[in-house]
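My structure is below; once you've seen it, I'll send some questions.
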């Protein structure tokens, strides 16, 4: 790509400068920006696959595909869909792509603390991904337990659970190593004058996320090891036939997997917090409130896991404690939402695609969050648990939240990452079917759940058919919009206009360096003298 | 990057400690499982503990404690630029680690001999709580043994590095970090001893 | 060359005065004695054994952390890291027992 | 939606909380959305070229921390107290044992009577003790807004008091294998006297609520062989077909006299299916596992000797 004025400015990170060229240069890079792009490429690929799987599941629910796809295959489909989406996309998603690319730049550093470890994390990620794919075709075939691998079914089923679980274990390693790297980076590599409360809020979000990754991921790692040992040696800890307890499995699984949902959403919230001030042309409302709410989500988020087990037969005391804690964890999210809206107040708003996706994020996340609160109320949970309502809830938060946040961040930082600008009109045009389709699909699921449609069902009872059709048609609009979105960006990478260094008028450090950034980020490490969002009082 | 890396020993130790955080939580998950099950089956755990050889467990504790000591001593030696002593201390640690594994091996062999291993026909006839006890025993001591093995390998590499001089008085962060790992393995064993061997 | 220095360049914060051999040997003696006490307590019956487990074992672990692992000589950051970890584990235990203990 | 009308007290309790949270949620969602849209239009850079640099407002932060907190706590409290009511069965409840297995439900009443659908008298409390023979399953009656998991080696309890006559779906909500979505049954709520007539009416008492169950469980035709009826009653046909259709277990069609490849204690062998083989396969399925089928899926049947003979006799007729 453009390295024409190499004599005047340092070459961009996209230009090979070392002894290795082309693909090899990328696969051996320790540049945090290149690693971010490697993650991006890998994730888009897996994502497309999982998207296709989701699409096919909708067709099954139209009952048109039931001759082609057996019940066993359907069970494998939702397991694969869930595993890929969760472990290969939304958990690593924003930290691995944008955290890697922008965290060092945002705090004025030249790279992360352990660049080689960073590349190792990517290789762990790829190894896990490949194992996950292998598990589909080897052994007894694709796992059919759902992404939660509940014992004793996961211990008894003849499908290839062991390999899939091992893949998740390896992915967990990747996640932990990234967490170690980010915490150390933030503690040790901030530029002179970059005090904690002068950090952009995305860094706070990534920092909180990294702590959850460290404190929760090992629990899933050991749990998955136990599942494997159980399958191979029958150690009997989860197997009721040997005195084990399936509920212990559920506890251990959710001790990680609930905090994991905050691993997914926090960085997305962080990205949203960067975008709003830039387009409102004003400072963020309530900097400290947002920073501390990230920490609070990380802290309290680790304490609510058993709200996934209200109907499992655990003790009454535990039900009450966990329902209470679930309500408390919703407060910091509410604080963030109100501060975001407050930041729009008396701004001078420059409406651009990233802002559109940001507002979409807030709207959809609120629906997701509010449905979450409904499930957290005990009397309601006994009705909604394991129905399509849950499926609706988590698609709203994960897709409407994390993935929309991902899209917003991608639109915001795309010109910086690739030095190209996309067609804004095409983005607006693909937003519309995406938004309509999304709500048809997932609001349909919420209603289905309220009417008692259980999740993970290959065939549904006739009374649910109409809404299933609505949802499926919604998924077609959605996919249409998504394809438009990706086509636009892909086109822009190769044929887009050259982007300016600071197309949006942002104030954080990444906008002070060229697009795409040079290898070492900064010619000279900047000295920071003020907070991140200090716009001049007068109009520019 | 390599060649002109900016050196930050505190950063390196922070990274190592964060890694140890994950190790602590990893074993923490097992301790959680242990206490959950012990609460359910107090009598069976008592009984199961009686089947273990407490003497071997205690000897192994002393072995590991001593090996922990020799690791710190080797750091002190490096700080005093006493290369020969440092290597000697490391070699002692490695030796003690091997002793630990050998004793552990005998212990496991005895259990296998008595049909006390997961899925053994004999174990299947015992009360369920004892089956769980032995499941946990093999999992936890096994995972710990694996860590000892990794620790020995790491220390061996470190001893070599001391020999070649890449670890020396003004640059011994790798040795410190390797030592931290070894101590954590020791701490885990400190907990395993009363949970299993002294449970009776 | 490393052309930027954010704070103290080569940071060996505990470079001040390295502790000598003696202190560690003393700690080791203490650890062995505590192990002896632990074994002893387990001979007096179940409840002593449990109390021994709950008190002596953390003390032993604490000694290793504090001296062998040099926490004594580290700043607040690393001490904080360890405390956060232990706190998290304790909370996991407590919450889990809100289920197991009330059946 | 006829089928989702509240049919038990638990449904009223659950819905009350639901509508409370739902009302709050709609209000907040509309408020936030309206505010966002208004700000984006009102403070567009054309209308409002100079932004005000407001850094925050402590009072507001407190307001929007405390108000949601109070509301959330009220949701928790309301949800908890109503749930408390839903989970404490009255002392006089009739206790029904619910057994879940791959992939069927069965119910056993205090006097030993058994059924495949759950019969319940109107306006009388019924306590359910839910167990599982294999995997975790979920016992769910949408019209009662009631759910409890069936966990192996554990008895979970819940209760209901039906307030409406009718037949309501029972669904399994925890993924438990291929036919998870077919693990269905019905709760049939009948007037109390009709229930009593069946409950106290001995072995041949007609099942209550015939008209209601018609959709769910077809009544057996009168000339059905006794062996077939036993297969149905014991849930064998959940996994085996009599007409050659592939299901979880091997089909019974043409089984007798066929040569079968089996694994005995891990060793492959080929045997001819005779009467002894059938009896072993039924009473002790783990002793000889048919090749290509899961080893520990089939539960050992609990058949009396004469019942077993009838089953075997019937199986021989399936050419």
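Note that the chains take the letters A, B, C and D in the order they are written out, and that residue 1 is the start of every chain.
Here is the rule we use: a residue touches a chain if its C-beta (ideal position, glycine included) is under 8 Å from a C-beta of that chain, and two chains touch if they have at least 3 such contacts.
Small disclaimer: the values here were computed from a predicted structure and weren't measured.
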item: Chain pair with the higher count of C-beta pairs in contact (B-C, A-D); value: A-D
item: Distance from the mean Cα position of chain D to that of chain A, given in whole angstrom; value: 33
item: Rounded Å distance between chain B and chain C, as computed from the means of their C-alpha atoms; value: 15
item: Rounded Å distance between chain A and chain C, as computed from the means of their C-alpha atoms; value: 35
item: Chain C: positions in contact with at least two other chains; value: 4, 77, 84-85, 88, 92, 96, 100-101
item: Shared interface positions of chain D, touching two or more other chains; value: none
item: Multi-partner residues of chain A (at least 2 other chains); value: 187-189, 215, 219, 245, 247, 251, 255, 316
item: All chain pairs that touch each other; value: A-B, A-C, A-D, B-C
item: Contact footprint of chain C on chain B as seen in their complex; value: 4-11, 13-14, 17-18, 21, 24-25, 28, 31-32, 35-36, 39-40, 46, 54, 58, 61-62, 65-66, 68-69, 71-73, 76, 79-80, 176, 179-180, 183-184, 186-187, 190-191, 193-195, 198-200
item: In the complex, chain A residues that touch chain C; value: 110, 187-192, 211, 215, 219, 247, 251, 255, 302-303, 305-306, 314-318, 321-322, 525
item: Complex contact set, residues of chain D against chain A; value: 1, 3-4, 10, 13-14, 16-18, 21-22, 25, 28-29, 32-33, 35-36, 39-40, 43-45, 48-57, 60-61, 64-65, 68-69, 72-73, 75-76, 78-80, 82-83, 86-87, 134-136, 138, 140, 142-143, 145-149, 151-154, 156, 169, 171-182, 184, 294, 296
item: List of chain B residues in touch with chain A within their complex; value: 1, 8, 10-11, 14-15, 18-19, 21-30, 32-33, 36-37, 40-41, 118-119, 124, 127-129, 131-132, 135-136, 138-139, 143
item: Residue numbers on chain A that touch chain D, as the complex places them; value: 70-72, 75, 144-146, 150-153, 156-158, 240-241, 245-247, 280-283, 285-289, 311-313, 316, 319-320, 323-324, 326-328, 330-331, 334-335, 337-339, 341-342, 344-351, 355, 359, 362-363, 366-367, 370-371, 373-374, 376-383, 385-387, 450-452, 454-461, 463, 534-535, 537-539
